[in-house]
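Labels run A, B, C and D following the written order; every chain starts at residue 1.
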Amino acid sequence: MTDNQDAAESALKRKLRIVIFGTDTPAGRWFDLILLLCIVASVSLVLLDTVQSVNQRWGELIHGLEWFFTLVFTMEYLLRLYCSAHRWQYARSFYGVVDLLSVLPSYLALFFPGANFTLIIRVLRLFRIFRVLKLLRYLSEGNMLLRAMMQSSRKVFIFFFSVSLIIMVLGAVMYMVEGPENGFSSIPKSIYWTIVTITTVGYGDITPKTDLGQAIAALTMLIGYSIIAIPTGILTAEISQEIGRSRDLRRCSNCLKTGHEPQARFCNRCGSELAEEI
Amino acid sequence: MTDNQDAAESALKRKLRIVIFGTDTPAGRWFDLILLLCIVASVSLVLLDTVQSVNQRWGELIHGLEWFFTLVFTMEYLLRLYCSAHRWQYARSFYGVVDLLSVLPSYLALFFPGANFTLIIRVLRLFRIFRVLKLLRYLSEGNMLLRAMMQSSRKVFIFFFSVSLIIMVLGAVMYMVEGPENGFSSIPKSIYWTIVTITTVGYGDITPKTDLGQAIAALTMLIGYSIIAIPTGILTAEISQEIGRSRDLRRCSNCLKTGHEPQARFCNRCGSELAEEI
Amino acid sequence: MTDNQDAAESALKRKLRIVIFGTDTPAGRWFDLILLLCIVASVSLVLLDTVQSVNQRWGELIHGLEWFFTLVFTMEYLLRLYCSAHRWQYARSFYGVVDLLSVLPSYLALFFPGANFTLIIRVLRLFRIFRVLKLLRYLSEGNMLLRAMMQSSRKVFIFFFSVSLIIMVLGAVMYMVEGPENGFSSIPKSIYWTIVTITTVGYGDITPKTDLGQAIAALTMLIGYSIIAIPTGILTAEISQEIGRSRDLRRCSNCLKTGHEPQARFCNRCGSELAEEI
Amino acid sequence: MTDNQDAAESALKRKLRIVIFGTDTPAGRWFDLILLLCIVASVSLVLLDTVQSVNQRWGELIHGLEWFFTLVFTMEYLLRLYCSAHRWQYARSFYGVVDLLSVLPSYLALFFPGANFTLIIRVLRLFRIFRVLKLLRYLSEGNMLLRAMMQSSRKVFIFFFSVSLIIMVLGAVMYMVEGPENGFSSIPKSIYWTIVTITTVGYGDITPKTDLGQAIAALTMLIGYSIIAIPTGILTAEISQEIGRSRDLRRCSNCLKTGHEPQARFCNRCGSELAEEI
């Protein structure tokens, strides 16, 4: 192998890397879009395949298409491995493992056929769609949301800890008040009922029958209805702060004025052009 | 046709245009109000007609009134066509199509009678009420809400994308855990259950029966209960910003002070009268 | 009747007026508290009387107590009439009518006995409790809430108008998709289902059975889940503004600094005492 | 007993006090962590013991472990009593009573065996977990949440008072409209239904059957759906204020600039190091 060959391979690799891993070039964006469509299509097939009437009529076609997508994703995985600068690092990264998991089970199913196994594969395949989330990295909005959630995580943890104590106590009280004869067959089941009630879901599969039970249930609902305000309040305050902060960060390079509107293109004090929003 | 006739027609046209399309004159407001009442009355009739007991007793009267309103709306459409400066432009505009759709199906039903067809007509007729929304254009509040929603649309999209991934994964997991014997007959049905649960609707037509299923259901509810805070937080922060911005826009023309209260009529620094809120 | 008698009566009237209408003196507060307890007790009796087991066992006692409270409220009404400066004005005021309505039906029931009539009386009696709301007038918090709601009423009206259009369209679509055989027996019933779903109540008395119906139902839930953020956002922004405004109104009379914390008793710039919060 | 012995005992006591009551030393933190695990484990056992299948299979083991944890908590209680500086004060404090209540019932059950009694014990044992809440005292976030809730408590009280009036009136109206034949057997049951509906829980165990009843139910849902915005708005505004206030309190000791970001370690005006967040 000459140096020239090596250089050519390296050039091909570099080009492929820009297309496959990058999102800045038109080719890179097309690659991502096609991959996204493949993921959505293959997941839709997995979902539809579990509908009995669809499975009976189109089962053959769906399995054919599933193998087609498996081959596409296999090729994509091998290409990624081939063109990445640090192969081992990619293979062990979060997205590398997700990429492998999206193809491996289909091949494993050849050796270990079984209904349940196939189901697990189908669930795992759904994770493939998370790859699309990598696009979010480039969206400052996603980062802002994440930062606001991080900022409020300690407050939200304290909130959920207090709520889970309330849920456990209310669950135990309802088990004692209503008892197994009214569907509250154990404290865990009672806690399930309390969560159904406090989150205002209210299936109605277990409902209080006694007067005292209904009074406690009404109290539980009112608690759930009012404490929903707490995480909303925490997060709203943090997001407000984040928006204000991101605006403060946008500074006119000429007169140093901050606090420009997100769409503003020119400084409203000195008229010089503003840099893009960070 | 003489120039005089032409000018007279043009004057009539202009007057009609002001009444029919405008909202600034008393006549224009009356026209809009009467049209609004006609729309509400005709839609109410369509709704009531589907109630069997009403249909049996007042069916004749309702159909008579329906034809009356159809004629009213037809006349209105023709008048609009007649007096609009750019007829073709109006006919192809959003409101032009809505206006046509509100009368056309009634005539089509004469040629193609059939139960199902009549139903579609009734649904389409409901869209007629959207015309009233044109009034909203003049309400700065509606604009402010729309602007706040536009501003937050990217963040809300990311939120809904993440939520739909969670919904799909939870749906697939519940299908595996509970299975067709507990009502989770396919993954799409399982996803329907997940949406019913995560939005805290909780019909109770499909409920988890196994212990593990109930534990995952409880988790789903808590997720739904807590992530409801995110769009609220995003939108609240944006609306706060919009209110602050609209206040900043209101500026005393004398001393240039901004930040006046929405009801303020005089500048609270120099006492000169303020312009109306924009 | 001498002037002296007249003056004495007037003095008695004035004293009574201070006790009965006022809330500033200890006697006035005691009068209000006792009246509040009587209202709560009489309403509780009305509620309990409809429980069959309670009615059978304590019916006699409850009816006796009901007449006792009726007499108390009658006496109170006559006293109010007697001591108010402008009798006719009081009798026609909102609270005057509520006071009369809280006693009149009991006497009317003597002449027109009948089960349904008694029920209406019981409902009307519940309005008596609204008198307690007059205490709210003195709470600046209540005023602030009301002002924030007034400020946001136009935005909230636009929101509810748009939502009711969505509800009507979705109701009509679901009536066509599911039809009477699945419980959607008419468009008004279909609209009832849409409201049950979009507000995330989800009784489960009517649920979609077809695949398309369940898909539209899922969409309805997601709409309801996300648009709940809009009124919250509007009101939160207004309340934030109201709190900021009430703080701006509190101004140090010495150095004119505003923006003091609600609990602050001294100006944090010049140290002079602050007036009570307005 | 010599002075030396006394001093030694006192030294032991002081050391124990630091470990048991304190959280600043590694030993103190380990003690708290182990205690927390014991509480969680013992509560989990109580919950699982009520599941019939678990009770039949592992009942013996669970009761053995329960006695083990009872002994651990007894020892802990005696140690706390022994090493606390003011024994009587500790015994009467909130945590002292909770500590006693977590062990006492197990011993009482020896003398008064009975199914119901054991259940009460189990409920009381759940309160043991509240001890963990003492850790929250050291979290400034918890304090901030509590302060925001205190600040908004008067507004929230007015809100809940108004809501409960609406609930009672709607409950009475629904009792009259639907009546006992549709499940609204008494006004208290009707109020239970109203709470289920207004909090958007919606079990579906009682649902309106008449047209008028369904219309009022739809109104109730829309009321519940919209007034949920009010406590959220109140609390969000207060939390925003609290976050702003806590930032204002953080002041650079060199140039006195306030308003630093929570993570900021250096003043962004003069560069000197900032004190830890309060």
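Please note the rule applied: a residue touches a chain if its C-beta (ideal position, glycine included) is under 8 Å from a C-beta of that chain, and two chains touch if they have at least 3 such contacts.
What you are looking at is a predicted structure, and each value in this text was computed from that prediction instead of being measured.
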item	value
Type of chain C:chain D copy interface by residue overlap (half), same or different	different
B-D compared against A-B, more contacting pairs	A-B
Fitting chain A to chain D on CA atoms, where both chains share a sequence, rotation angle to nearest 5 degrees	90
Separation of chain A from chain B, taking each centre as the mean of its C-alpha atoms, in whole Å	30
Whole-Å gap between the CA centroids of chain B and chain D	43
Contacts with 2+ other chains: residues of chain A	188-189, 191, 200-204, 224, 228, 232, 234, 236, 238, 240
Touch-based graph of the chains, sorted into line, ring, star, complete or other	complete
Residues of chain B that touch chain D when the two form their complex	200-204, 232, 236
Chain D to chain C touching residues, read off their complex	151, 154-155, 158-159, 161-162, 165, 168-169, 172-173, 175-176, 185-189, 191, 197, 200-204, 207, 211, 214-215, 217-218, 221-222, 224-226, 228-230, 232-234, 236-238, 240-241, 245
Footprint of chain A on chain D - complex, ascending	43, 46-48, 50-52, 116, 119-120, 122-123, 126-127, 129-130, 133, 136, 139, 141-142, 144-145, 148, 156, 160, 188-189, 191-192, 195-196, 198-205, 224, 228, 231-232, 234-236, 238-240, 242-243, 261-262
